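Structures follow.
Shared chain: subunit A. Partners: subunit B in the first complex, subunit C in the second.
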Partner chain A sequence: MRACALFSSVLTALGFAVFVATALPPARAADAPDPAADAKAFRDYFVKKFPKVKLDDFVNGPYSMNEDMRKQWEEKEQFPPYEFALEAGKEMFATPFKNGKSYADCFANGGIGVRQNYPMFDEKEGKVVTLELALNRCREANGEKPYSYVKDEMASLTAYMAFTSRGKPFDIKIPADPRALEAYQEGKRYFYTRRGQLNFSCATCHVQSPGERIRAETLAPALGILNAMPIYRSEWSGMGTISRRFTTCNSQIRGVPLEPQSDEYRNLEYYLSYVSNGLPISGPGARP
Partner chain B sequence: MSRTIGAIALAAVLLPATLIPARAASDADFKTAYAAADAAEKQAGALRNQWTTTEAALAAARKAAEAGDFDQAVAQAREAEALAKASIFQATSEKEAWKALEIK
Partner chain C sequence: MRAAAVAFAMLTAGPAAAQSGPADGQKLAFDRGKGNCLTCHEITGGDLPGTIGPKLENIKSKYPDRGDLVAILTDETRRNPQTVMPPFGRNRILTEQEINAIVDFLQTL
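Let's look at the complex of A and B:
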């Protein structure tokens, strides 16, 4: 009788445990990636560090934190240095490929006003697809040679596409696919990992030191740093893509850059874009 | 007295050694040093963390060897190996250390 009661109690306890385990959301391990929490912490960090800068203004990089530079930039914007690239990009975008199709056939909404959705996670491929990569894949699918990821044609095309998205908030999605979460996490790891002989990470400059000078350059905050891409840089005397920005950053810290659109850079772009969700696209931009 | 004699004897033994010029490095020395540096740099490459300075030192070593300056070639190859090993150490330690920089 007593054994029977004990057995019944054990069954009840087990049943309760099963109920609790299924009814409550699964507990998150301390190290498990939580992109939404990351993005909030990321934004809070910069807002707290720069209380005078309006949230949307972070996309203007160093101009958001240096009054003199801002004035010069506002004057330059009357005749922006990226204007030629923008015009060229518009024309390239509208010119059909040899097979009669065009870029518009490769993108949602004919490629107009979609910049804020890139990079996106392609569940078929299981990898991140950036806008630059999607443009070259579009070219190759239509029998055209791909463009260099770091040169003018790609910068012009992305400049035009960014321009059609100006003001639209970054809207990067991480689908319920463990590979997407892993890509995000890998991008985060790359962002914070020190590399190169100078032992710098992306965060060393763009989290720990935005607004500070490194030689003649004022460092931009990481929050919103990709919203203005591609950019015309006076230092380059020309336009530069996100690929160019990443590879140049690596060289500057004496690291051998990875190949443009390598998995690492694609994941980095995914992470950096996601944590700037909600901030408006401002590209193409201009920087010193 | 015996101390002074001892010091003179020691100097007599050591002095000729300093006067003999060090053996110049050979092509074989360069090849050995370069192979070690190249192997370390390949390991850094597998970790996706090569340094431009390592690549520059390797190139300088090859250039010196082509010019027949094997002393310089060996010195540059050793420099490259040291740099490559430092980059491997960096990549290995950063596997966990990056978390310390993370905004939380």
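Let's look at the complex of A and C:
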């Protein structure tokens, strides 16, 4: 039975370091956190588990997991269902706010081709700043109302920004600031902690079981899992942001989802993006 | 959906339930709000199974002692701390009675 073999390999490949880290209080942790080593172990685990999948292909989520799924994806990309959101996002991005400024004024390089640098650790605030958060802060700083984090306008804007970064490798930095390392560690802890009535962690589904079907849905691997965001999902009949996906996954496990852009989710996104460093941005994406 | 779950709970609590263990057990196993076992296991008679767990078959020869099955459903993490399978009994997703009905059903597989 393959499930059992799978678990022991998870344990040895990844879980060991991870569970030791989560079991010990930070003060007592014998070995210092080492994000670079984590990212390497993380990547190696998936590469070894799926020897046929090319590294850059992991960003295609469930579609990377088998040939039939891959064909579905290639067909979808011919008439991508996110096209509408992408067009809308492009126009919104170019439209000035009432005060005459625009999104371009809030970002490096006018916001073009910068998606791969988010989330960023902001040393002034001492916290992780995601792209979704930066967009709403940009709006508020210019006297505009923030958008809902989960879909519609926010998904359109992030779709456009991702599109201008397509092919650029994730390049998440952890500056030499103890708070940045702590944020990373918190995100990692969140990812591996089991919760909810069903006792699942994010890793239960996306590290232990990628490629397996949960009912009719094929689980995406955690490596490269954010590179395609935002995504169009037929099940949502629309677009969803990272915030939407995180809250949906938390509800699926009969847990109580957190507020979008809570500190926990910001740290989680920081961790998940960091361990996918080097894999190309592929968003916006389309999913079954 | 909720109403159905409540109806089940009442059914299984009643004396009639004891007589139709396997049938009740199958309903509970397939019900998405209860066992939802098909999420992970292929089971004869169920639609759209997932592939995370093994197919549930030949259970009686594999687990002749029903106590083993009750234990697996109650808290599989005791046998395998890394398991994906939810601890149905420990986390009160299913009552003892419901677990027993599902075990009756499993023994018919």
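Just so we're on the same page, the second predicted complex is superposed on the first by the 257 of 288 C-alpha atoms of A that agree within 3 Å, B and C clash if a C-alpha of one lies under 4 Å from a C-alpha of the other, contacts with A are read in each partner's own complex, and residues count from 1 in each chain.
Everything below uses one rule, namely that a contact is a pair of C-beta atoms (placed from the backbone, for glycine too) under 8 Å apart; a residue touches a chain by one contact, two chains touch by 3 or more.
Here the structure is a predicted model, which means the values were calculated and not measured.
By the touch criterion defined above, A:Ser209 reaches subunit C but does not reach subunit B. Touch criterion not met for A:Ala108: it reaches neither subunit B nor subunit C. In the superposition on chain A, contact of A:Glu264 is made with subunit B only, not with subunit C. Contacts of A:Ala176 after superposition: neither subunit B nor subunit C is touched. In the superposition on chain A, contact is made by A:Gln197 with both subunit B and subunit C.
By the touch criterion defined above, A:Ser251 reaches subunit B but does not reach subunit C. Of the two partner chains placed around the shared chain by superposition, subunit B is the only one that A:Tyr45 touches, whereas subunit C remains out of contact.
Counting contacts as defined above, subunit A residues 197, 199, 204, 208 meet subunit B in one complex and subunit C in the other.
Those residues of subunit A that touch subunit B in the complex are listed here as 38, 41-42, 45, 188-189, 192-197, 199, 201, 203-204, 207-208, 251, 254-256, 258, 264. Subunit A contributes residues 1, 3-4, 7-8, 10-11, 15, 197-200, 204-205, 208-209, 212-216 to its touches with subunit C in the complex. By the touch rule above, subunit C contacts subunit A in their complex via residues 38-40, 48-54, 77, 80, 82-84, 86-87, 91-93. Those residues of subunit B lying in contact with subunit A across their complex are 48-53, 55, 83, 86-87, 90-91, 94, 97-99, 101-104.
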